[in-house]
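These are the structures, in structure tokens.
Next come two complexes built around subunit A: one with subunit B, the other with subunit C.
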Partner chain A sequence: MNYYIRRFAQAIVTFVVGMFITFALYRLVPGGPVEQIMQDRIQRMQDRGQQVDTRQVAEMAEQLTGINPDQPIPISFYEWLRDIVLYQDFGESILFQDPVFDILFRAMPWSIFLSVYGLLLGFTATIAVGVFMAWHEGTKIDSGLTVFVLVMRSIPYYVAAIVMLSVLAFQWGIFPTGGRAPPAAQPGFNLEFMTGIARHAALPIASNFIVGFAGGAIGMRALSVRVIGADYLRSARLRGLSTNRILSRYLTRNSILPIYTGFMLGIAGMFSSNVITEVIFQYHGVGWFLLEAAVNQDYPLVMAAFVFFSGITVTAIMVADFTYGLIDPRAGTGATRESF
Partner chain B sequence: MSEKTPKSDGGVTQESIFGTDEEAERRRTPPAERARRAFDFYVATPFRVAWSDWRTRIGGAGVLFYLLMGTVGVVLVPPPQINEGPYYLKPFVDWSMPLGTDNLGQGIFKALVHSTPAMMKMALAGIVFSVGVAVLVGMIAGYKGGVIDTILMTMADVFITLPGLPLIIVLAAIFSPKEPFIVGTIIAIDQWPGLARMLRSQVLALRDEDFVEAARSIGLSTPTIVGQELVPKVAPFVLISAAGAAVAVIFQSVALYFIGVLPFSSLNWGVMMQLAYRQGNAVAAPGRAGHWLLFPLLAISGVSFSLILFSQGLDRVFNPRLLARHSETVPEDEQEDAGGL
Partner chain C sequence: MAIGQQNQTTGDDETDDADEDIVMEVRDARVQFGMSRGQAWVLNDVDMDVRREEILAIVGESGSGKSMFAAALMDAVEDPGHLSGDVTYYPRETEDDGTPSTDQIGSYDAVGDDSVDVLDMSDGELQSFRWEEVSMVFQGAMNSFNPTMKIKGHFHETIQAHNAVLDERMEHVRDLFEALHLDPDRVMNSYPHELSGGMKQRALIALALVLEPEVLVMDEPTAALDLLMQRSIISMLRELRDEFELTIVFITHDLPLVAGLSDRIGVLYAFEFVEVGETRSLLKDAAHPYTRALLRSVPSIDSDIDSMQPIEGARPDPVNIPTGCSFHPRCPIADDRCEIEDPDLVSAGEDHDAACFYTDQARSELSYILDHGSTED
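Right after this comes the complex of A and B.
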């Protein structure tokens, strides 16, 4: 139990430190958000031939970003964090003129939807293909699949996304070319809306699937090949267990263990690469908003999207850590070791 | 052959009187011969072993091709110019413009060649930064253990948690970097923590080995032990991860240029794709500008395919022996197959 508490505390610390680094970085770099907005406004006023009042512009920029440049960073970080924790107040988006929390809260389910499906499908396929290759080790099936996996891996997911978008959506019209749901459909539990969502999500999920799939199949195969040679597998075969049982309970379960760590990192990677996918498919999830905000210097929205991504990653990695014991009963919980 | 080891009968071995064979041999060998042997042992043999695997062969040839393209090719092929051909010329029609032209009549083949150095610079910066930091952090954390390990790994965990691509997008938006070396470094920011963690676990397995313990017991300093005893053992792994880091940097930089986050002043593959997408409308109407988008895509897939094949091959070359030394669960006859095709 002690381990779980410590691990939880570690996650919280990681989360806050990560947020602080981003926060401070954003503030400290020259040409930060306040300056950017000020320059933008001054430029616009000069173009219109208006009198420029720097003080007034500075005040406006401060109000828009919610940043007080005279305040030390730790104090403003504390205030920012306090507003988030107590009032769920992330500030207001400069670009969309809406509370940031509402924007992201509405966008969040869509991003999670894409990422989780892509990840689950990708990893299931990775494991299945890896074990399958190992089972048929040395045959033509094995070498054929190896080449296939290597080719799959060297094609960047966004390349696959672009090609699919171009061919399947624009040329053949099988899938919609962007967006997250058909504009005409009434949101809710009706068939039109739900199939619409599925069709809009199909291509982004397919390209996320490639992200999840590409990484591990070869490694999975190598691990499984080693497990196949182990004595307990031979004795399982001698005991006359069915092939299915050997494959699922003995082979897959034991060769999954090292992959599981990769799975944890995969969660973080998936949400990251989902940003690109969402932009390519014009899928208005958190990633799309983050990009728009970053390009347009929408400081409050960028920070909030950041909190979302960090929160998801920290939680996912923590859950994976906690459940590792279920998969590998041998795993110690935080063993100590000698220090030199 | 230790000179001071007494025999069980209390006497000393023959070698200790006349010196070991090894020493005598070293005295007799001229420096040139010794250099040749060192070359054979450290360069030629790994190369021969690497060459024996088809993946290293094809991957290595591919990597070499791209390297030549970025160095010799730039000299041989003149830079692309506006209006040197008709607009949107199809590929394989006019052999002075083998891959067709873009919306300004610039040759796509020439643009591809002249984009290579920028990609190489980004990949190089990424490798140096991510592998350098990872080696430093991972080796020290793994070897020292204790509080230092906890601190360094917490640091790595924080950076793993910082969402990689979003962070890069924000940094890119703030700094607006144009110099390829800086772009590469920024993009590699999320590469090192995972690598450092993997290196740490390798060092954890190594640090209790006999030869490390021996080095420690004769009082060698930590930098010496890490530098001379541990680094050579993990060098193959580092090499393989360097290839992985290069692939990741190329993937991400092209992605960021493509979605238009990074500003650009010179050509690279990602910029070409973005221009084809924005100005040529190549995704929606590939009939006209499709080739403008397609060839950079192929170039990226090609370079990553070569690098991945190359590192897979290296993995196969180096790993079985590393595995054999450290694995107790694998029977001898299975080890050869473990990394095999």
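Right after this comes the complex of A and C.
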């Protein structure tokens, strides 16, 4: 069987098993979604001095969550999964009264926008700074940048995000304090809307940039220093190749190999830290909805967000696997691979 | 060809005319390293003439300064090493005036009479000089190719970096591959890891010759190869020299390996040449006790790579080179004079010099048996 197909099947299995565990755990924890919602409602009805009909409340909770407590978990899981696969039906959000799929589908581009830009900028900076430090190994530039990177690394991104928010947005008013786009602007390809999006995204992306950049540069430097010492680099220099070519085709290309997989896995990490970033900046992406849903016991929405996050993780790992052979020609000879 | 007196080379005479056509002249070459224990000398005022179209073997133990000598020829001593002295390159005289010879691809300033002071070049000049006039095959051929680039890419980028005509050069590469018994299509489209050590080594030789340099410096080019491949590369080198009018400087620790290859041999000990001579004369009648010890430690020409057994005594320490003759702590016939005075290279036969006070004694007292066949071409 083709390596790719097998690997793909493996990813699907991982994905489904992961979802099942989440699904089952969510059901099994004491005070699962149905019970929580029931308690919530009963509390509210009692506050209002209404008669409490437990059975009626239970029915309502079951309908809201789409959970039938009498059904065994595997069967519920099967039905839930079947609805997702066949009808893209993740149920209806209790909180927003909208199909979950629509909510997440609309929120997804925004989250991807933040994460991808943060990642690209963060990784580019990681590589550039690491290679640059290695190229100037032992100089003042090198030690200066090392200090800078270590400081960057020791600042948690959420702290940086809050500081940026309070100084740049609230005090100086350079950037908006939250949201995804200016409320007044007409959505579409007009200047006002586009610049509005960019300005709203600037701080969240900056915070994601810190996530992507932190620490990696030091490791990148170490890898680059090793490559600089390699015979092929010396040979390249004596052959008269330009510094640009040596830096790009020789140094960078060969030093990213060991951290390439790490970068791909960083994508998954980026999406999860994006949850906090989105909450801090009130940026209505998938992460923000996930937290809202979790706080408000919006069970269908939480589950769907989990699906989204585990989907990203599994896909990132798979893509890392598939593409590694493209960036390192030697990978094809490894015992674990048979194609190429 | 320069015609002059029959003088042996003397250190001070810059435009020293011998009856040979010299392609590279090295004078007082010295490489120093600042080490925590003090200054280390890894090449100690070395003189050497490289004759045009000869194969010169430089033999020495590891840590004798032979790689430094190789690097010095193209001013490629790595930091923090510092190279001083003179390295002069004499381009081939063009027969028909006016049209520059085909191998003069780059443009660097020629000093006076066509000779080029290698250590005085600007970075740009040096960049052209390397590979166009003098190129090198390194120790560690296994890792001299970029692992993420096909062999073809290495040729293309080198040609482009030197602004040479791609098609014309690649045509030349085909000739080189043929001479080296390589299949161009297969090798060119492979990644380095897909080739065997011997193929990589030969591709590397072709890469060194792509711009038709005058001089090819090879630093331990066969050390990592099996004996059979070593032999076959050695025999190809002779053909290459003849076909492409090359001068080859072959650096090795393996004296018997070069016996059938080289025209002359220079033996390095403790960062100095202790004996330089025509191959047959040097092997048959070595004048320096160190060379004789080297030859004695060779059990048989057909034994394996590790045939050169260590000679008694410790290798010289670059920070503390012994006073007087640097070989005296290990020399069986050393006397008081050797501990104080440093012998110069003096004639020990026709086209044969040795740096020892007691060459006659060495020849009569220190015996070795030369395995037959080693000097037969």
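As a working rule, the second predicted complex is superposed on the first by the 331 of 340 C-alpha atoms of A that agree within 3 Å, B and C clash if a C-alpha of one lies under 4 Å from a C-alpha of the other, contacts with A are read in each partner's own complex, and residues count from 1 in each chain.
Everything that follows uses one rule, which is that contacts are C-beta pairs under 8 Å (C-beta built on N, C-alpha and C of every residue); 3 or more make two chains touch, one makes a residue touch a chain.
Everything numeric here is computed off the predicted structure, so don't read it as measured data.
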{"item": "Combined model on subunit A: subunit C and subunit B, fit or clash", "value": "fit"}
{"item": "After the two structures are overlaid on chain A, angle v-u-w for subunit B, subunit A, subunit C in degrees (C-alpha centres, nearest 10)", "value": "70"}
{"item": "Which superposed partner A:Y250 touches (first subunit B, second subunit C, both, neither)", "value": "second"}
{"item": "Contacts of A:I327 with subunit B and subunit C, given as first, second, both or neither", "value": "second"}
{"item": "Which superposed partner A:A128 touches (first subunit B, second subunit C, both, neither)", "value": "neither"}
{"item": "Contacts of A:L165 with subunit B and subunit C, given as first, second, both or neither", "value": "first"}
{"item": "Partner chain(s) touched by A:A230 [first = subunit B, second = subunit C, both, neither]", "value": "both"}
{"item": "First, second, both or neither for A:L241, with subunit B first and subunit C second", "value": "second"}
{"item": "Smallest separation of CA atoms, subunit C relative to subunit B, angstrom", "value": "8"}
{"item": "Footprint overlap on subunit A, where subunit B in one structure and subunit C in the other make contact", "value": "230"}
{"item": "Partner subunit A, residues of subunit C touching it in the complex", "value": "74, 76, 78, 127-128, 130-131, 135-136, 138-140, 143-149, 157-158, 161-162, 191, 193, 207"}
{"item": "Interface residues, subunit A side, partner subunit B - complex", "value": "10, 13-15, 17-18, 21-22, 25-26, 29, 31-32, 137-138, 142-143, 146, 150-151, 153-156, 158-159, 162-163, 165-167, 170-171, 177, 218, 222, 225-226, 229-230, 265, 268-269, 271-273, 275-276, 279-280, 287, 290-291, 294-295, 297, 302, 305-306, 309-310, 312-314, 317, 337-340"}
{"item": "Complex interface listing, subunit A residues touching subunit C", "value": "230-232, 234-236, 238-242, 245, 249-250, 253-254, 257, 327-330, 333"}
{"item": "Subunit B to subunit A touching residues, read off their complex", "value": "143-149, 154, 157-167, 169-175, 190, 194, 204, 207, 216, 222, 247, 251, 254-255, 258-261, 273, 277, 282-286, 290, 293, 297, 300-302, 304-305, 307-309, 312, 329-331, 333-334, 337-341"}
